[in-house]
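Structures for review follow.
You will see chain A twice below: alongside chain B first, and alongside chain C after that.
On to the complex of A and B.
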């Protein structure tokens, strides 16, 4: 029982981080109706930025978020402007391969700079944890969870309360109508893609703290993030959070109770069950031509 | 004879191309060029098989590579447990594996077809990930990460590649023939209807499940056949390459995009351009970082400058030219107050 609750605690803490990574994916899907296959590599970029700043400048990984976030935002806006905007006439079909090209291109650049060895960020508080009522709360994971929640709340406020957020919601409802009402849809799409990449940058710094990574890690990551999206319902924020927690929770439970080798199986089984019973995902909405 | 030839122009062109391809190894080329030929034909077969589901039915699937891997493992496992002799005999197994994988694909298709559009893409990605995961972890069956060994074929060193070249060519030819047949059939019409608007097609009484499952299973069968030949050629199967979601899955789609999605010859032309280039990059840049960057650059160039594919672009250009000629003829005809002359109509790519 003790082991079970401990696994649940770890699962929920990791789930927060996955939720942050997925939120960027949801945002780009909402505004541009595309799957961003490069989200995973953006996370890995964030991890490498944190790694570099920690090893060469001795800056704490949590502080490096202040650098990785704007940097990835700039990368996202640039990539959107030069690679995605030209294909928006047929974004539905072409964006899959285009964002995938971004992913492997960035993977190539990362391995050119950093090599293909596995890296990790080893801080002084790496292995310390707080003990509450006999349960371990690893410092790194608690901080990462807290910060992820904070950024997610910030994202929510940005979407719900600001003019930019209103533009994003308008574009995601109907782009042509938003355009008619004076929304600069190109700028909104570029900013949304940039913000999506920025959240990945922030999540990446924390991802680097909780696990080791190499440039090819993005392949594993994007698979999980996409599965989370489909489980929760593509484009739904609540779905993304639920899916992320479900993934992390099931993984840590199986890891604790059975074996690490089989940790991903229950999540994918869950995915199949949900798709058969409710193809639009847990929080998705059924729309004509979509599902 | 002349009338027969004009009615079966497509078939004749196909025969000539396949025959020319079959004679290619006799032109005295070296083994490594035949090796590139095998991979080109593999991509052409996989791209054409993908076209059935992604191009004709409009369901962009990343699952081709899952069935390719199942075919590869299928061959390796049969070798291990049944014993199928050596030499040319194992090639007889290839169609059997294709049919078996097509049957396996049906329940998987049932889950995947619960979704449409972008979620369908993601579900098929998940399928590849799950199979890769199973191949890694079911060590008792699949041998885990090191994979399975297939006994090497006892062909002579000088002609070793040729047999696999012809086997892969056969798989490609069969795939192409199936595509050509489907395009002209009622089934193909149903597929196109699903691609254009599935709800409307269903509203008009098309049993949309039939073309969807037919395309999915057919695509799975041909992909698996290519995978089986590939496994015998390399004489080893392991998860990273059999279920290669990173390069193979996307490469298949890129080949179809480059050639022209939904066209008969598109995937072949795409493979003809892309695979030698890819092999050249891999050879000259190693399996290294620069290779990744070059590969990404190819993707970007194709998407930016040839988004509709070679075949579609040129077919459109030819169509526009013929229209212009027709218009000029008509203008001339009306000027002379004579009935308009019918200009020759060109076949449209789609």
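On to the complex of A and C.
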């Protein structure tokens, strides 16, 4: 029982971080109907930025978020402007290939700079944890969870409550109509993609703290992130959070109760069941004219 | 005639093709002008050229003697010309209220945007009734009304309405035309494009026939409606035409 609850705690804490990574994917799909295959590599970029700043400048990885977030935002805006904008006439299909090309390209650049060895960020508080009622709360994961939740709430407010958020949603649904109302659709799309990449930048620094990584880590990451998105319903924030917690929770439970080798299996079984029973995902909606 | 929008020999189109080949039209102020003509005549294209969605290759479009051609869609919006396009233009998963706020997107003062939206909600019961509903869940006619309300957010001088009655039932169609008429009474100049030429001419003050990218006839709407040649060529089968072609009349019944 103790082990079970401990596994649930770890699962939920990790789920928060996955939710943050996935939120960027949800944003770009929800707003531009683009499935961003480069989201995983953006996370890995964030991890390498944190790694570099920690090893060479001795800056705490949590502080390096202040650098990795704007940097990935800039990368996102640039890539959108030069690679995605030219193909937006057929963005639904071509963007899948284009963002995958971005992912492989960035992976190559990371390999050139950092090599292909596994890296990790080892801080002094790496293995410390708080003990509450006999249960372990690893410091790194609690902080990562808290920060992820904060950023997620911020993103939600930005999209749901601000004029910019309204414009982003409007452009995603009827670009020509948004243009007629005076929205600069090119700029809005670039900013939205940038924000999606920025969340990966923030999540990446924390990802570097909780696991080791190499440039090819993004293959595994993007697989998980897409699975989370699909389970929850593409484009849905609530779905992304539920999917993320379901993934992390099931992995952590199976790891604790059975064996790490089987840890991913239950989630993917669940994914198949959901797709058969409810193809739009748990929280996916089918509103007339939305897609 | 007090001209609000003066369209002078406009040439425009898509890619290498020209659709408008020297279209000229004077849209009188505070009146409803109806543009009719066969499919492919360039009616929608003319509206797109006015609102800056496509470039004007030559000619002039003057709003109160100020040229609009060459300006961006946003600048034209700021000048006071709002375009309500033919296909549905509400954002389906945004609420009715959010759609309305989007109408005031180019205004900097958020408080003013809200004030205008509130006063429009007083005028259009549909807004009040469906304020928080997804716009996509409304009927076609209701969506049209919200689109016009949204167009009024900027307190425009000119509203360009492209086929507003398309796909609507007769009752909604009447409501749409009533809304447009009410707009002209409030001092807005309306340029209307309609397939449904007869009903549009009945509610319009001024009218023009566009054919092959050129304005063929420009006249008072009532006179155009009575013009037998216009009736025969552009208003579809009139009663007289039916008598001349009994086999068609037979098919209709």
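Quick note on the criterion: the second predicted complex is superposed on the first by the 286 of 291 C-alpha atoms of A that agree within 3 Å, B and C clash if a C-alpha of one lies under 4 Å from a C-alpha of the other, contacts with A are read in each partner's own complex, and residues count from 1 in each chain.
Operating definition for what follows: a residue touches a chain if its C-beta (ideal position, glycine included) is under 8 Å from a C-beta of that chain, and two chains touch if they have at least 3 such contacts.
Just so we're clear, the structure is a prediction, and the values are computed from it rather than from any experiment.
Touch criterion not met for A:154: it reaches neither chain B nor chain C. Ranked by how many residues of chain A each touches, chain B and chain C are led by B.
Legend: residue contacts after superposition of the two complexes on their common chain; A:102 is shown touching chain B, with no touch to chain C. By the document's definition of touching, of the two partners only chain C reaches A:174; chain B does not. Of the two partner chains placed by superposition, A:70 touches none, neither chain B nor chain C. Of the two partner chains placed by superposition, only chain B is touched by A:90; chain C is not. Contacts of A:260 after superposition: neither chain B nor chain C is touched. After overlaying the two complexes on the shared chain, residue contacts for A:229 are found with chain B alone; chain C is out of touch. Contacts of chain A with chain B, set against its contacts with chain C after fitting on chain A, overlap at residues 288-290.
By the touch criterion stated above, chain A contacts chain C in their complex at residues 163, 166-167, 169-170, 173-174, 176-184, 285, 287-290. Note for the complex: chain A touches chain B at residues 29, 33-35, 83, 86-87, 90, 93-94, 96-98, 100-102, 104-105, 107-109, 111-112, 116, 216, 219, 223, 226-227, 229-230, 234, 261-262, 264-265, 268, 271-272, 275-276, 279-281, 288-291.
Taken in their complex, chain C has these residues touching chain A: 51, 53, 73-74, 77-78, 82-83, 85, 88-94, 98, 101-103, 105-106, 110, 134, 136-137, 150. Residues of chain B touching chain A in their complex: 60, 110-111, 114-119, 121-123, 125-126, 129-130, 133, 137, 197-199, 245-246, 250, 253-254, 257, 261, 288-293, 295-297, 299-300, 302-304, 307.
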